[in-house]
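For reference, the structures are reproduced in the following blocks.
Note that subunit A is present in both complexes that follow, paired respectively with subunit B and with subunit C.
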Partner chain A sequence: MDEIDIESAINDVDIDNDEEVQLSLPEIIQLMEENWLNEKFSPEVLPNRMDIVELLLDQITTLENNLKKLSNADFKKGLYQMEVDRIRFLISSYLRKRLEKIETYSTVILEQEKSRVQQGSETYLSQNELEFAQEYDQSIREHFESIMRFCPGITETQLINPNLHTMVFLKSKEDIEGIVIDDGNDENDLIDLNKGSQVLISYKSVNNFVKSGNVHLI
Partner chain B sequence: MDPDEVEFLGEKSLVEIVPTFNSAPIYFIGGDVGPFRASIPIRVPLWVAVNLKKQQQCKIIPPDWMDLEKLEFLKEEEKSNKSFVKMPSDHYMIEAKLILGCAADDIPKTDEIRTIIKDIWDIRMSKLRSSMDDMIKKSAMYAAVDNLTLMEINSIRPLLPHALDQIYRIKTNKKALSNRSQGTTSTLSESRTSFSSKT
Partner chain C sequence: MFAEKACNLIKELSRCEEVLPPYHTELVKEVCTEIKQLHEQNKEDGAIVANESSIAGYANALYPTLRIGSSAVKRNVRCLLAYHYNRLKTLRTMRWEFGSILPQDIKTNLSSDEIEWFTKYSRSFAKYMTSIGENGLNLCLDLRPPKSLYIEVKCLMDYGKFELSDGTILLLKKDSRHYLPRSECEELITQGVFQHIV
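Showing the complex of A and B:
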């Protein structure tokens, strides 16, 4: 009796854990593609999806290990290898894009991350990215300071901010109502998006939906 | 975005092939494909089809829409319609290019099909250019691009969003200036336009 109870208890726990989000691998690849495009087209750095990246990296490492056992004559080997390369491209392009943004906006991003930590909200950068950002910011500062010694009198500095108002193409994954369009005049229009509709719109109007995953950039 | 990257995304769409070999399923991370039975049609991702075709392992069955009559009809529709017609495939240009490129021997009337798809593309691009012109003249800050495919969107990406960004800058600066000097706001005509008819 006792044993059965324990077992069912364990099963219950398992089910609870599983309930979070169980995505199949094809769905995860789909999600990775969407996040890659989001990162590519959004002007600011987005919350990191290292969870998906690591999951996929695990998958391709195991697959590549298994591939070694496969004979070279097998035509399937080339196909497997090709898929691994496709996923690897996706991941590295995604990570590179993030690094590029971190390098461009390092100071602003670090400030934002600091305030996120203070507010107790989730940080956007992964641990590794944060370290990279700090080191990069530090060395660029030192560099400029040593250069500026030769040009006395210039003290004004200007932060490089991402242009959040840039126009982006997006595809909606859900029905969304009441998106405000800021057209630079005082009157603001409201629009509704239907599932599957594609629009060209200012990033500022939709950035929350991009982060929550209701829409994705294309 | 690089057109190759659009192609990368388009290569995931499924096409039907007739394999010339027998094989157990291939367990891809992105989903299982197979089992393959010689001369039994099967749906596989485009990149797999192209790879197998290059090794002479299969015949590619062209998608339904890759048919001269249907394309002729589509072209007429595209011509007579002011807005963009929905394309039979989200990646029609990529599918056409890859399939016609590697499996020309499997598809009847390849040259005619190639020409007509290019015609449709050209009609759509010229519509796109005039819509863009219209949008910039109205300095609109929103557009529905519902029936455009990714490749078409990508072709206007270097120009349109940047132009609109600049217009927005000019508008907001102008507003700030006039607020400062006279307290009047500039009103610049209509604020929205639509690339496709709303359904």
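Showing the complex of A and C:
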């Protein structure tokens, strides 16, 4: 039987991405986990990490092909299959969470994306997500219009906005100084975070740090 | 009282969360008529208030009526839209559970607009799923974090032959029990062919 070293496949896959940073599979998985948690706990949709998702999907395909060559009796096969299933859950759950937010806040998100394009900054949604969001928004709009057709002249649009003041738990990855706690008063308090410290804080105060990856939500 | 019927629509929603009651055509129609009447009334009152411009707007005797009328319209519209929006939400959850084909008993509870919306949603959702990665990814699977590779399932109906991905063919009979890879039977569980025995 061919000796297929899946272990080494799992541990030392080097992937070159555009920035020429070499990441091993465990590191990618960890990144994915972090982004998944961020997405799960943040009230608004975050910049997409389709790059990681695609890398992982490629890896899953490779791993599954390798697994097929292993005999069914091999004890290791079950363990690796389980690992592959776990990764797939991670990706699915991440994308599902994003879709859920896109559907709920479709109108607001589309507007934000438009202004991001105008400012020339990077869009948060991937191309496919954007298409989905547009189709979804359109379909809801048409449905509402057909309900209101009986009485022209009444226009009613209700925007659903994410609540950015939700409290989130976060863990800091670096020392950060001077986070402004905006509690609606004129006096703003400043706090400093040490590396590894965990706090409960309003999402609005830290959203930039979440997006830049200096802190992650737990 | 204004908006009472619209309120009944909302009550109906909250009574049956997660299931779709029949589309309440009559009540919706009644609410629409109420909105229309109020809207017409408001227009007339508005015109009168505007004509008597010698009296300042808020001092006009009709002003409170106008205010109440317009907020009644707003409230009605809100309730009407909320009723429809929440039905769509439930419908969306069903797309995730049952796939693109709805069971007949649910279909009979929908309005024609809702069926149309479902087809549209189903199409864009399917398009999105095939666009992920190279081969697409079925987001309706892997709904819960995997705990074990194999699970025990009980077959609830005579399903017939079922081929596993490694080529083994199983005969699924009612009340038979199987010990299968989780990934293989997840779809049959959501379809209601299998019951997961914990």
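Throughout what follows, the second predicted complex is superposed on the first by the 191 of 218 C-alpha atoms of A that agree within 3 Å, B and C clash if a C-alpha of one lies under 4 Å from a C-alpha of the other, contacts with A are read in each partner's own complex, and residues count from 1 in each chain.
Throughout what follows, a contact is a pair of C-beta atoms (placed from the backbone, for glycine too) under 8 Å apart; a residue touches a chain by one contact, two chains touch by 3 or more.
As the structure is a computational prediction, the values presented were derived from the model and not from experiment.
Undergrad: Looking at A:82 after the superposition, I want to know if it touches subunit B, subunit C, both of them or none. Which is it: first, second, both, neither?
TA: Touch partners of A:82: subunit B and subunit C.
Undergrad: Once the structures are superposed on A, label A:95 by its partner contacts, choosing first (subunit B), second (subunit C), both or neither.
TA: After superposing on A, A:95 lies in contact with subunit C but is clear of subunit B.
Undergrad: Under the stated touch criterion, which partner chain does A:132 make contact with: subunit B (first), subunit C (second), both, or neither?
TA: So A:132 only meets subunit C here.
Undergrad: Is A:103 in contact with subunit B, with subunit C, with both, or with neither (first, second, both, neither)?
TA: Once the two structures are laid over each other on A, A:103 reaches subunit C alone.
Undergrad: With the two structures laid over each other on chain A, which partner does A:144 touch: subunit B (first), subunit C (second), both, or neither?
TA: A:144: touches subunit C, not subunit B.
Undergrad: Check whether A:61 is in contact with subunit B, with subunit C, with both or with neither, and answer first, second, both or neither.
TA: A:61 contacts subunit C only, not subunit B.
Undergrad: Using the superposition on chain A described above, determine whether A:53 touches subunit B (first), subunit C (second), both, or neither.
TA: A:53: touches subunit C, not subunit B.
Undergrad: Does the superposition put A:167 against subunit B (first), subunit C (second), both, or neither?
TA: first
Undergrad: Does the superposition put A:114 against subunit B (first), subunit C (second), both, or neither?
TA: In the superposition, A:114 touches no partner, neither subunit B nor subunit C.
Undergrad: Based on the A-chain superposition described above, do subunit B and subunit C contact any of the same residues on subunit A, and if so which?
TA: Comparing the two interfaces on subunit A, one with subunit B and one with subunit C, the shared residues are 78, 82, 86, 89, 93.
Undergrad: Show which residues of subunit B lie in contact with subunit A when the two form their complex.
TA: On the subunit B side, the touching residues are 1, 5, 8-9, 21, 23, 26, 28-31, 47-48, 51-52, 55, 57, 139-146, 148, 150, 153, 157, 160-161, 164-165, 167-168, 171-172, 175, 185-188, 191-192, 195.
Undergrad: For subunit A, which residues count as touching subunit B in their complex?
TA: 25-26, 29, 33, 40, 56, 59-60, 63, 75-76, 78-80, 82-83, 86-87, 89, 93, 163, 165-169, 181-187, 189, 191, 197-202, 218
Undergrad: Taking the touch rule as given, give the residues of subunit A at its contact with subunit C in the complex, in rising order.
TA: It is residues 53-54, 57-58, 61, 72, 78, 81-82, 85-86, 88-89, 91-93, 95-96, 99, 103, 128-129, 131-132, 135-136, 139-140, 142-144, 146-148, 150-151, 153-154, 156, 158 of subunit A that touch subunit C.
Undergrad: Which residues of subunit C touch subunit A in the complex?
TA: 32, 35-36, 39, 73-74, 77-78, 80-81, 84-85, 88, 92, 113-114, 117, 120-121, 124-125, 127-128, 131-135, 137-139, 141-146, 148-149, 166, 181-183
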